[in-house]
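Sharing a structure here in structure tokens format.
Letters are used for the chains, namely A, B, C and D, taken in the order the chains are written, and counting of residues starts over at 1 for each.
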Amino acid sequence: MERLRRRWFEILEPSAGGDKASLISDVVLVTLIFLNTFAFVLGTVDGFKEDYAVQLDIILYVSIIVFSIEYLLRLWVCVEHPLRRDGHPVWARVQYMFTPLALVDLIAILPFYIGPGSSVDLRILRVLSMLRFLRIARYSSAFQLFGRVVHREGRSLMGVLLILVALVLIAASGMYAIEGNVQPENFGDIPSAMWWALATLTTIGYGDVVPVTALGRWFAGLIMIFGVGVFALPIGILSNGFAMEVNQRNFVVTWNMISKVDLFAKLDAGEIAEIMELLKSRHLPKGTTIVREGDVTDAMYFVVTGEVVVETGGQSLRLGPGEHFGETALLAQDLNMLSAKTATVCDLLELDAQDFNYLLMHNAHLEEDFRKIAKERLKAK
Amino acid sequence: MERLRRRWFEILEPSAGGDKASLISDVVLVTLIFLNTFAFVLGTVDGFKEDYAVQLDIILYVSIIVFSIEYLLRLWVCVEHPLRRDGHPVWARVQYMFTPLALVDLIAILPFYIGPGSSVDLRILRVLSMLRFLRIARYSSAFQLFGRVVHREGRSLMGVLLILVALVLIAASGMYAIEGNVQPENFGDIPSAMWWALATLTTIGYGDVVPVTALGRWFAGLIMIFGVGVFALPIGILSNGFAMEVNQRNFVVTWNMISKVDLFAKLDAGEIAEIMELLKSRHLPKGTTIVREGDVTDAMYFVVTGEVVVETGGQSLRLGPGEHFGETALLAQDLNMLSAKTATVCDLLELDAQDFNYLLMHNAHLEEDFRKIAKERLKAK
Amino acid sequence: MERLRRRWFEILEPSAGGDKASLISDVVLVTLIFLNTFAFVLGTVDGFKEDYAVQLDIILYVSIIVFSIEYLLRLWVCVEHPLRRDGHPVWARVQYMFTPLALVDLIAILPFYIGPGSSVDLRILRVLSMLRFLRIARYSSAFQLFGRVVHREGRSLMGVLLILVALVLIAASGMYAIEGNVQPENFGDIPSAMWWALATLTTIGYGDVVPVTALGRWFAGLIMIFGVGVFALPIGILSNGFAMEVNQRNFVVTWNMISKVDLFAKLDAGEIAEIMELLKSRHLPKGTTIVREGDVTDAMYFVVTGEVVVETGGQSLRLGPGEHFGETALLAQDLNMLSAKTATVCDLLELDAQDFNYLLMHNAHLEEDFRKIAKERLKAK
Amino acid sequence: MERLRRRWFEILEPSAGGDKASLISDVVLVTLIFLNTFAFVLGTVDGFKEDYAVQLDIILYVSIIVFSIEYLLRLWVCVEHPLRRDGHPVWARVQYMFTPLALVDLIAILPFYIGPGSSVDLRILRVLSMLRFLRIARYSSAFQLFGRVVHREGRSLMGVLLILVALVLIAASGMYAIEGNVQPENFGDIPSAMWWALATLTTIGYGDVVPVTALGRWFAGLIMIFGVGVFALPIGILSNGFAMEVNQRNFVVTWNMISKVDLFAKLDAGEIAEIMELLKSRHLPKGTTIVREGDVTDAMYFVVTGEVVVETGGQSLRLGPGEHFGETALLAQDLNMLSAKTATVCDLLELDAQDFNYLLMHNAHLEEDFRKIAKERLKAK
């Protein structure tokens, strides 16, 4: 039973490696989300609705059934998640139910069940149904990146919102004072004037409501200029946040690459961080020779992007992102047994043997750990 | 009396630590600002105004009374501010009255007192009343950050404004020359044509005024393209300014963290700056071991974000942002008495004992100061 | 035959050096692209079409003939491209036909041949004809830079598109629910409502469709604010991507400058990268003395931008971007035989002789290679 | 005569130091530019034109006379400019006449002289008159910064323009094909359709022309999304260019600060660059002690922003941006004779004596130069 649950957890998670069942489940679910959204949108078109009633209903019912089963399955397997494995299963599941992704999953199916018999306004149910499309977020890394940026810059963005609210209030009350009597239907009260203020400050400018007096236009001109400033703020904040998130993601990728190397597997966080500081970035064109066979080895390499062809003992290997080669260079400065060439434009990280030895020399604790591992490795050969 | 003034100063300042009275005053005042704004906005709606006249009046009078008392209190206690403590009290209070925040406070209450009996236009009073909402700036760090960015980039932004004015003038006079006879009501004089020019250059584009001749449209097309450039400028300036402000804020946070450590309390600015340069940034995942008990200590750590669990002598402590641990490592390389693990994703700053000793070795003045402090500390144990 | 093919390949590639035939072919083709586009655009204007029918036809036929010959020529010579030289010629040509630039070339001529006799809609052919202008991309480095940025950030931009789609769906279904009955012609079904949603979220705001109910306006206000956020995302992504592309281009430029120096010609990628790390950037005003004759030489220089006047043995040389001087400084610290001054504002890269010798000292492999080259050079003198 | 020309050159250049005559000429000319622009704008308003005809004429004639005299004066003195001092006076003046600023100066007065009697269209003269306002560029550093950024990024911006043109052509021909028959007055030919395309791609969206068919709207939606991308490009380019210009300006400011110090006056460019690399940036809060009297000196300081109060021998000096103190620290490690404190928030650059001595030790050429200067200075005391 536990193995089955483990297996289903793997299947439902977005597929990473070569897990075929997981890949199929991803494709089926993403297709259903798109189909369902498509059917819902077309179902509101007058002519179409009647002509294809059966087909639309089939899509709707099938997707609701699949989403419902999926929801229950996810609730069952969620305790397999590393972060939820320690707690009590019931409590872990309740926690899971209130994660954003699980809430979206629930909203995707709930309107169908509570809709018909309830007193909830049908219009609200319709908008909620559309939230179903947000389920796609589970499968898009860019969507999640966006979410993390918004979360990280949450306070700044709230501040921008506050500034926008303040400007909307000032613009609306100003226009209410200036043109309240001239255009009572548009600027007769502040809430009405806020419609114009918001459309102007976001630079949308529908043009359905515009000032007509000279004073109103001068005041509007002032507000327009502020609008450009308000527009600039979230751009500055979000591009900063975006750049920082990407940097941290790169950090985590590098960290994972290093900690996957056998030699470094037993090092703790501080030691891996020290090694990371020694890495040098190398951007190489296609077809560049990195290591020539028979040369003295003096560095190990990690592939960040692109592909490297390594030849050793007559065999030829293609290494992709996350893979590494030349780690024996850190153990002993021998004549090289391998040659390596870039097969595409590549970004590599180079760990120089001399830098590494220098680090060991000045760090007794690390040296001890490392020499032990090295001995075992050299014996094992 | 002085102690009472000191106490009220603390209460009125935005609460930072656990000062309950200060927190309550913050919540009450922020709530009143929002309520008052809300009442003012709704009070302009025709139906609403009559139906809820009493409630709106209560909110208005209560908030004016509270704001008035608050203004007088702030005027009384402002001399407690570190920057105003040295001058003459009367002069300090006059200075305070002309700070932007104090002016906004005054504008929030003034229209109520001078409004009814004065000859000032009621419409201007209404807009001024709305500025009341800006009082929220005192409680929003993002608002203040924005203020500092605008202040820092003031000259560049003025330049952008000048460029915008130049483009508006050229666009307006061009359109006046081209379509002045075709659409005399829209482009009959340059001030009128400026309305179209501004709406176009800020990319708002209401569409209430558009060129109709072929020549007018080609000219407008040229202006549109410049408009995108004008739009890009403040964005570039503000995001640069924003990034620099955030960097400096981080600098100040780090500075404060270091100068709060007992060991460094007596160092001067230059010395703290030297120590800051030794700090290494560490981004660690949740659950990473930072220090293991029984190992040789070799660094002290500052928590920047996230939480660290430190265990020492059977006790367990959670350290949050701004706190530090392991400073004994800088005094003597002993076996470690504590173990530390990250409880969440953490950003730490690491001060390596070896780097620190190297700094002392090459800086006789700093070493002398520091050894003295170290001796006292070790004795005190 | 092969030499002819090689020559035509050089002619058709955008000219870089002083190849006159290549420059002429560039100018002719670019002129034809512009002329053809111009003729096509004007050919749709009612009055113009009839009056200048002959001239327009001449431009059309000439350009189609030239473009067709050019297409066939390119197909013939494409195997001369370094990346396609190794494969089988037929296969290489098929691969070439499916590159974006070759597809645009084909689309530019195809409508003319298949147009008249085929059943394809004439309207689609017209739009395809306009794609002809994209042929200009071959001659504009900024166009290609843009292409690489979009390619590099492809996944992030797809994510932004997904977010935009999600927001459009939510906005449209919300408006459909709220104002579907009030404005059935605008919000009567979701596809119609999407028109408004897209115009609002991209901040274009035509104003042909606007909400009229109070609820609709509040909902639209919410969507507007999200629109600013959606706008900010691609800007953040593209400016990041742009900055990185420019950095990498600079890297490649520097790499090429170094590898063109005789002394370094035989070094491999890793060694050149080590030398690159030693380079120091120097931004110098016009008229600054870089090296004085008779001084001890201690650095070699690469010109990045601007011009440097070098005087040696009575001769005066102007060096432009990509050129270098003073490399004898790396071989022996002699009295200088040349003097150099900046003729314009210059960006130089300086390779210090001491840094370079230090590198040699700590890198036995590099030293051996380099000393051998140095000996040959000094003998050759 | 030459001295008089020199003097007028100084007066006409924007004032930098305490030159009163220069400051007055700046104020007079800037005021006249604003007044003249103002008069021209108001002179187009129907009512105003008649009522204030005399006043407007006075402003116009006075400013034309002053601008004409100024133009001739500038032409006379322009040979005093360092960059034009070497050539032949006549040739230098012709060169000057074709600089952008001089052309704007000419355009500001020319319409007045050639206007009445010539056959040039009065409308074009009017727009040219408005260019007069651009004369303000001479006095605004932000304007010039913007000019340099546009110049630096010229090629990229041309590329963006080309992309915009390509998209406008595709959008316009697409819409012409789709809605040419439906809305012949708006999309009947491609030049007409380009008006809609440009308004959409720049996100202005007047709304005077919108697609009405379903196909037209889907196509327009696609174009809108591209529009956001096109918008993002110049923003990315200009903010990059802006950041780089500001960096280089800071570089030049630092360079000037260093080369103004007596000790460094005789160093050449390479040596000053070496010193610049040793500088450490210090951001200090108000009231921080930088140097205490009686301590051992170990650094010299340059003030970048803010003010520092230096006390030495009973005297108190305020040092502002560009000034420096503590340079004796570089000559001998003595007990300090001065104490320094920040009077405002300050950015300082610190040149550490140890770093500086290390530089001298490893740079025989620099040491020789410097020791000589130092000896002279110490003797002079």
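What we mean here is this: a residue touches a chain if its C-beta (ideal position, glycine included) is under 8 Å from a C-beta of that chain, and two chains touch if they have at least 3 such contacts.
In this text the structure is predicted, and so the values were computed from the model without any measurement.
Chain centres computed from CA atoms place D at the largest separation from subunit A. Both copies, subunit B and subunit D, contribute mostly unmatched positions to the interface they share, with under half of the numbers common to the two.
Note that among the pairs B-C, A-D or B-D, B-D reproduces the C-D interface, with over half of its contact pairs the same by residue number.
Remark: subunit B and subunit C have CA centroids separated by 40 Å (rounded to whole angstrom).
Each chain gets a centre from the mean of its Cα atoms; for subunit A and subunit B, those two points are 29 Å apart.
Residue positions 191, 194, 203-207, 231, 235, 237, 239 of subunit C each touch two or more of the other chains. Against subunit C, the residues of subunit B that register as touching in their complex are 203-207, 235. Taken in their complex, subunit A has these residues touching subunit B: 155-156, 158-160, 162-163, 165-166, 169-170, 172-174, 176-178, 180, 188-191, 194, 200, 203-207, 210, 214, 217, 221, 224-225, 227-229, 231-233, 235-237, 239-240, 248, 251-252, 255, 268-270, 273, 277, 362, 364-365.
Taken in their complex, subunit C has these residues touching subunit D: 37, 40-42, 44-46, 123-124, 126-127, 129-131, 133-134, 136, 140-143, 145-146, 150, 157, 161, 164, 191, 194-195, 198-199, 202-208, 231, 234-235, 237-239, 241-243, 246, 280, 282-285, 288-290, 292, 295-296, 298-299, 350, 354.
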